[in-house]
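Two complexes, one shared chain (subunit A), two partners (subunit B, subunit C).
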Partner chain A sequence: MKPPILIIITSTIILGTMIVLFSSHWLMIWIGFEMNMLAIIPILMKKFNPRATEASTKYFLTQATASMLLMLGIIINLLHSGHWTISMIPNPIASTVITIALAMKLGLSPFHFWVPEVTQGVPLSSGMVLLTWQKIAPLSVLYQISPSINPNLLVAMAATSVLVGGWGGLNQTQLRKILAYSSITHMGWMAAIMVYNPTLMILNLTIYIMMTLGTFMLFMYNLSTTTLSLSHTWNKLPLIASLILALMLSLGGLPPLSGFIPKWMIIQELTKNDMIVMPMFMATTALLNLYFYMRLAYATALTMFPSANNTKMKWQFESMKKMIFLPPLIVASTMLLPLTPMLSIMD
Partner chain B sequence: MAWVHRFLNGAYIFRHYPKPSASCPFLGTRFAYYCSSSLQKPEAAPGKTSCQRNSEGDLQGHHQKEVVLDITSPEEKPEVSFDKAIKDEIMDHFRRLKDDIVNHWIGPEGRPLHEVLLEQAKVVWQFRGKEDLDKWVVTSDKIIGGRSEVFLKMGKNNQSALLYGTLSSEAPKDGESGRSGYCAMISRIPRGPFERKRSYDWSQFNTLYLRVRGDGRPWMVNIRGDTDLIQRKNQMYSYFMFTRGGPYWQEVKIPFSKFFFSNQGRIRDAQYPLLLDKISSIGFTLADKVDGPFFLEIDFIGVFTDPAHTEEFAYENSPELNPRLFK
Partner chain C sequence: MLKIIFPTMMLVPLTWASKPNMIWINTTAYSLLISLVSLTYLNQLSDNSLNFSLLFFTDSLSAPLLVLTTWLLPLMLMASQFHLSKETLTRKKLYITMLVLLQLFLIMTFSAMELILFYILFEATLVPTLVIITRWGNQTERLNAGLYFLFYTLVGSLPLLVALLHTQNNLGSLNFLLMQYWTQPLPNSWSSMFLWLACMMAFMVKMPLYGLHLWLPKAHVEAPIAGSMVLAAVLLKLGGYGMMRITTLLGPLTNFMAYPFMMLSLWGMIMTSSICLRQTDLKSLIAYSSVSHMALVIVAVLIQTPWSYMGATALMIAHGLTSSLLFCLANSNYERIHSRTMILARGLQTLLPLMAAWWLLASLTNLSLPPTINLIGELFVVVATFSWSNITITLMGTNIIITALYSLYMLITTQRGKCTNHVKSIKPSFTRENALMALHLLPLLLLSLNPKMILGPIY
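Here is the complex of A and B:
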């Protein structure tokens, strides 16, 4: 894509999300979502192949449906409250419809079916934007309306998302699909805590974005999209293999890595609110996620898969890719646990 | 020869294809299925095949099983029980769903992950019995009013499949078709429980391997990807397969990087590489404008990783023909 066009499209994506974040008028929020959705379509179609076209079409259809539902919820809210300001939503129907619309945008179960298909069909860089930046706007709206969301609905969606994300990612050999199911699981964790402590949801989102960005950047550095190509990292870039190990364990939520922070805080907060079964269920299903992250880490860093001799010479060639943000992202994704008491500044 | 042995005898190689769909005699559903999809109409009639059989007698030698369709002879009347058929169909779907869930726990495609990842060669389709023929559909221009005929049957000793027929390039007299003359054999799309569409994941392989014996005619191998929204019938990736016509078997290796993209039957200027993670079906087409009989004997179709093949995509896009791709 030519640089001026890329700049315009990227700035529209950023502007769309900023409009959603900074607006207090429901219509402006809806406009921000639409701008965001329309601007990301060319990003998803960076490589012109039929698969990318199909993925963009699926993304557009689901997001347009979610926007329609959002508009329906906004109008019902307007009918009952008489104002366009984003605040408490007194009408339960409006609140439910808006929650469902935002769940579709996020990819929460049972509206998660588009996430693996779209993520698999687009290039790695587009998938990175899809799974990180595109989550900010819907979660910010959910944060603002969290007191008026039906907790049963959100907890049910959270429980199914965690289960679907863990179960669905079990047998994937395609890395983008693994990260898509990982995204569904993390959205489930965020949805579970949203009603009780929205600040922890922001904390979870921040750490999730850092870990996912780091993972995608490592895969882009390696140009690997399947587990098998990732398993050949040891002879290309051995340092990357160890970083992938650390990031996978962090994504799985193992202490002493950063990924443990949100899980610990969320389980603690849910337990403080007299919920025992839900955090137990979520912690157990997180093991499914941990299983496929460990499998990736095992294939990459802990074993050497058989490979043909001509793939063993790649260490001689220096990689010319520049990933400036990779070192700080790796540090942030793995070493933030000792700073947990300080994270109360997010309140 | 070594490749053939490697394919058929190796520990990682031989895998049974998953069970085909239930062959319950629920004619209503099957009839509707056949009618609703034009490409899925199989071709044969017992009378015509017997003539063909005589002409092919020197090739085969003895009685062969045909691909029998909805036509049954008057003597045998199959027992049609609506309730039993519905019950069998539902039980079969739930059984497949249970197998699906258990296989999901074991690994991709029901095999442990390390087996799937370490696999370097795989036989995807082979012809050893009638149930293997049920996974394929044959079609020709008879659908649009042409005169080509195509049949599929098991070969000698049930070790191969024989695709044979007559090609006729006489255009149908419908006032709009100017050209005609094609015959094709297409694999059925793999289905899971409740007829969910499945696809093949060949992303760790890079070459298609075919063991065929033809009659010297040029065939085209077509691969279709799995798409939900974009019309599946319109887009495919193709490459040529030139058969030698001799009595010896021919091993054809076509790297996936050589397949070119076509939409609605026309090769497009903008070419895209074949993405191997969602393959829906493979097909063989004969359309060489030469009227007359043809045959193609297929032993098996497999995929493997050729370590010497490093090409990613054989075609490049030109800025003059496709400025849109270079913006």
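Here is the complex of A and C:
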């Protein structure tokens, strides 16, 4: 894509999310969502194959439906409260409709069906933007209306998301689908804590974005989209192989890596509110997630897959990709656990 | 405490900056120095613990385990030299880094003052162990072994996290010093039963309890020698140590909640000892013997009498040294004939007489010969369970007999009799190997002179 066009489109995406984050008028928020959605379609269509077209169409349809539902919720809220300001939503119907619309935008179960297919159809860099930047806007709206969301709805969606994310990713070998199911699971964790402590949702989002950005960048370094091509990393860049191991363990939420921070804090907050079965259930189903991360880590770093002989010669070619932000991201995704008391800055 | 933690952390730059022919010497020497420093912690106050900071402390229960952990690192490094000699330099350094990282987490776990810190480090020890087993094990089964190890432990310990956080909300703090004054007796309800289960299951899986022990033969057998040593000697004791710490919270509920686990342990003790009699794989025999000894520790911790706690602590230290020694001996066999099958290397007493002496002493300590500390541990546990219920003496007696049977079976099969016909060349014992066995046995035998320091806080 020509640079001027790329600049315009990227700035529209960023502007759209910024409008959602900074406005207090419901209509402006809706406009921000629409700008964001329309501008990301060309990013999703970077490659002109039918797969990408199908993925962008699915994305557009689901997001447009969600925006329409959002508009419906906004109008019902206007009818019952008489103002356009975003704040608590006293009316339960409006609050439910808006929550469902935002869940559709996020890819929370049971509205998760678009996430794997869209993520799989687009190139790695577009998938990266899709799974990280696009989550910021809906979550910020949910943050602002969190006192009035129906807790039962949200907890039910969280529980099913964690289950779906864990189970769905078990049979995958395509890396983008694995990351899509991982995103569904993490959204589930964020939704679970939203009712009790929205600050922790922001913490989970931050750490999730860092880890997912790091993972995507490592995959882009290898230009690999399947487990098989990832397994050739040991020859090309052995350091990347060990970093993938660390990042996969962090995504799975194993201490002492920083992926454990959100899980720990969320379980603490949930137990403070006397929910015992829910965190136990979520923590145990997160182990399903850990299984397929471990499978990736095994394939990359801990074993050497059988490969043809010419893949063993790849060390001779130097990699030309520049990944400037990769080292800080990796450090942030794995070594932040001792800094957990600094959470207070999140408020 | 920092005077142990920082030098251990600094062992990592030491390995990466050493000259290629000095990595083993440097790390072994400095880790021996660190273990010398940790010996000062054995000087415990009789009625209190040594509190070093807000985060770390040692008392008479954790100090022997700490010394065992630091003592084991130089031994692990010595044992690994042979099978890593053919690897590239970076991989050797990575292996040592994994061992040192594991050591660091273990030291912090045994000296943690707060239960949440203990939990985080308990889980953190899983990661380097997993890498060691999966990356440097020798057979294809190691992949499965690593997964079993990781997932069995995690499924047990995630409810523990929830239970600990719930308890912290109720009590205010999980600091060990404060906990002993703030605990209230657990009421007799379903929810406190689930709390008890959630707290204990993680440690039961780690110990392991008989029904949940499936990960142990896999992990012990597939791990390289350093992995087997640290698994058998220290990681199993994490479970026992954790159980002893957490039973302070779990009030009078343990009296009847413990029954199913006592049954499983008492029966499992005999079952796993009997399985040892039918093993062909040497490492698998030692792994099942570990399950059997740890079942004794579970029984001791669950009946919660002063004598049983003393016996459990002594048994943990004794078994740590003995099991690690047996794995080193099995590894010396493996390095020569490249097979773990017992019958492929028989009659070694004529070929390697000094090694046969170590085999004899190892088997004798494994079957708890007086006056070793193994006997002290087992005897205290047997007497305590007899006072808890008279019938258990039959089970315990049967177990002691079967333990003696399989230990002697192992000794006789590998050492006595005619040498096998097909083995043409067995290298003579290296000084390194003899030093390794001696360094294992020396603490074991010297402790029988002064067992007071491993008898735990009740003494």
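The rule is short, and it goes like this: the second predicted complex is superposed on the first by the 347 of 347 C-alpha atoms of A that agree within 3 Å, B and C clash if a C-alpha of one lies under 4 Å from a C-alpha of the other, contacts with A are read in each partner's own complex, and residues count from 1 in each chain.
Heads up, the rule we're going with is that a residue touches a chain if its C-beta (ideal position, glycine included) is under 8 Å from a C-beta of that chain, and two chains touch if they have at least 3 such contacts.
The shown structure was predicted, so the numbers you read here are calculated from the model rather than taken from an experiment.
After superposition on subunit A, the partners subunit B and subunit C are accommodated together without colliding.
Of the two partner chains placed around the shared chain by superposition, subunit C is the only one that A:Met280 touches, whereas subunit B remains out of contact.
Chain centres taken from Cα atoms put the angle at subunit A, between subunit B and subunit C, at 100 degrees to the nearest 10.
Of the two partner chains placed by the overlay, only subunit C lies in contact with A:Leu337; subunit B stays clear of it. Residue contacts after overlaying the shared chain place A:Phe325 against neither subunit B nor subunit C. After overlaying the two complexes on the shared chain, residue contacts for A:Phe22 are found with neither subunit B nor subunit C.
Looking at the shared chain after the overlay, A:Trp315 reaches neither subunit B nor subunit C. In the superposed model, A:Tyr291 makes contact with subunit C only, not with subunit B. The superposed arrangement places subunit B and subunit C with a least CA-CA distance of 11 Å.
Across the two superposed structures, the residue set of subunit A contacted by subunit B and also by subunit C is empty.
Interface residues of subunit A facing subunit B in the complex, by the touch rule stated above, are 1-2, 5, 48-51, 53-54, 57-58, 61, 117, 120, 167, 170-174, 225-228, 231, 295, 299, 305-306, 308-311.
Residues of subunit C that touch subunit A in their complex: 90, 105, 119-121, 123-124, 126-127, 131, 134-135, 143, 146-147, 150-151, 154-155, 158-159, 161-162, 165-166, 168-169, 191, 194, 198. Note for the complex: subunit B touches subunit A at residues 104-105, 107-108, 113, 116-118, 201, 203-204, 225, 227-230, 235, 261, 270, 272-273, 275, 277-278, 307-308, 310, 324-325, 327. Those residues of subunit A that touch subunit C in the complex are listed here as 238, 245, 249, 254-257, 260, 264, 267-268, 271-272, 276, 279-280, 283-284, 286-287, 290-291, 294, 298, 301-303, 337.
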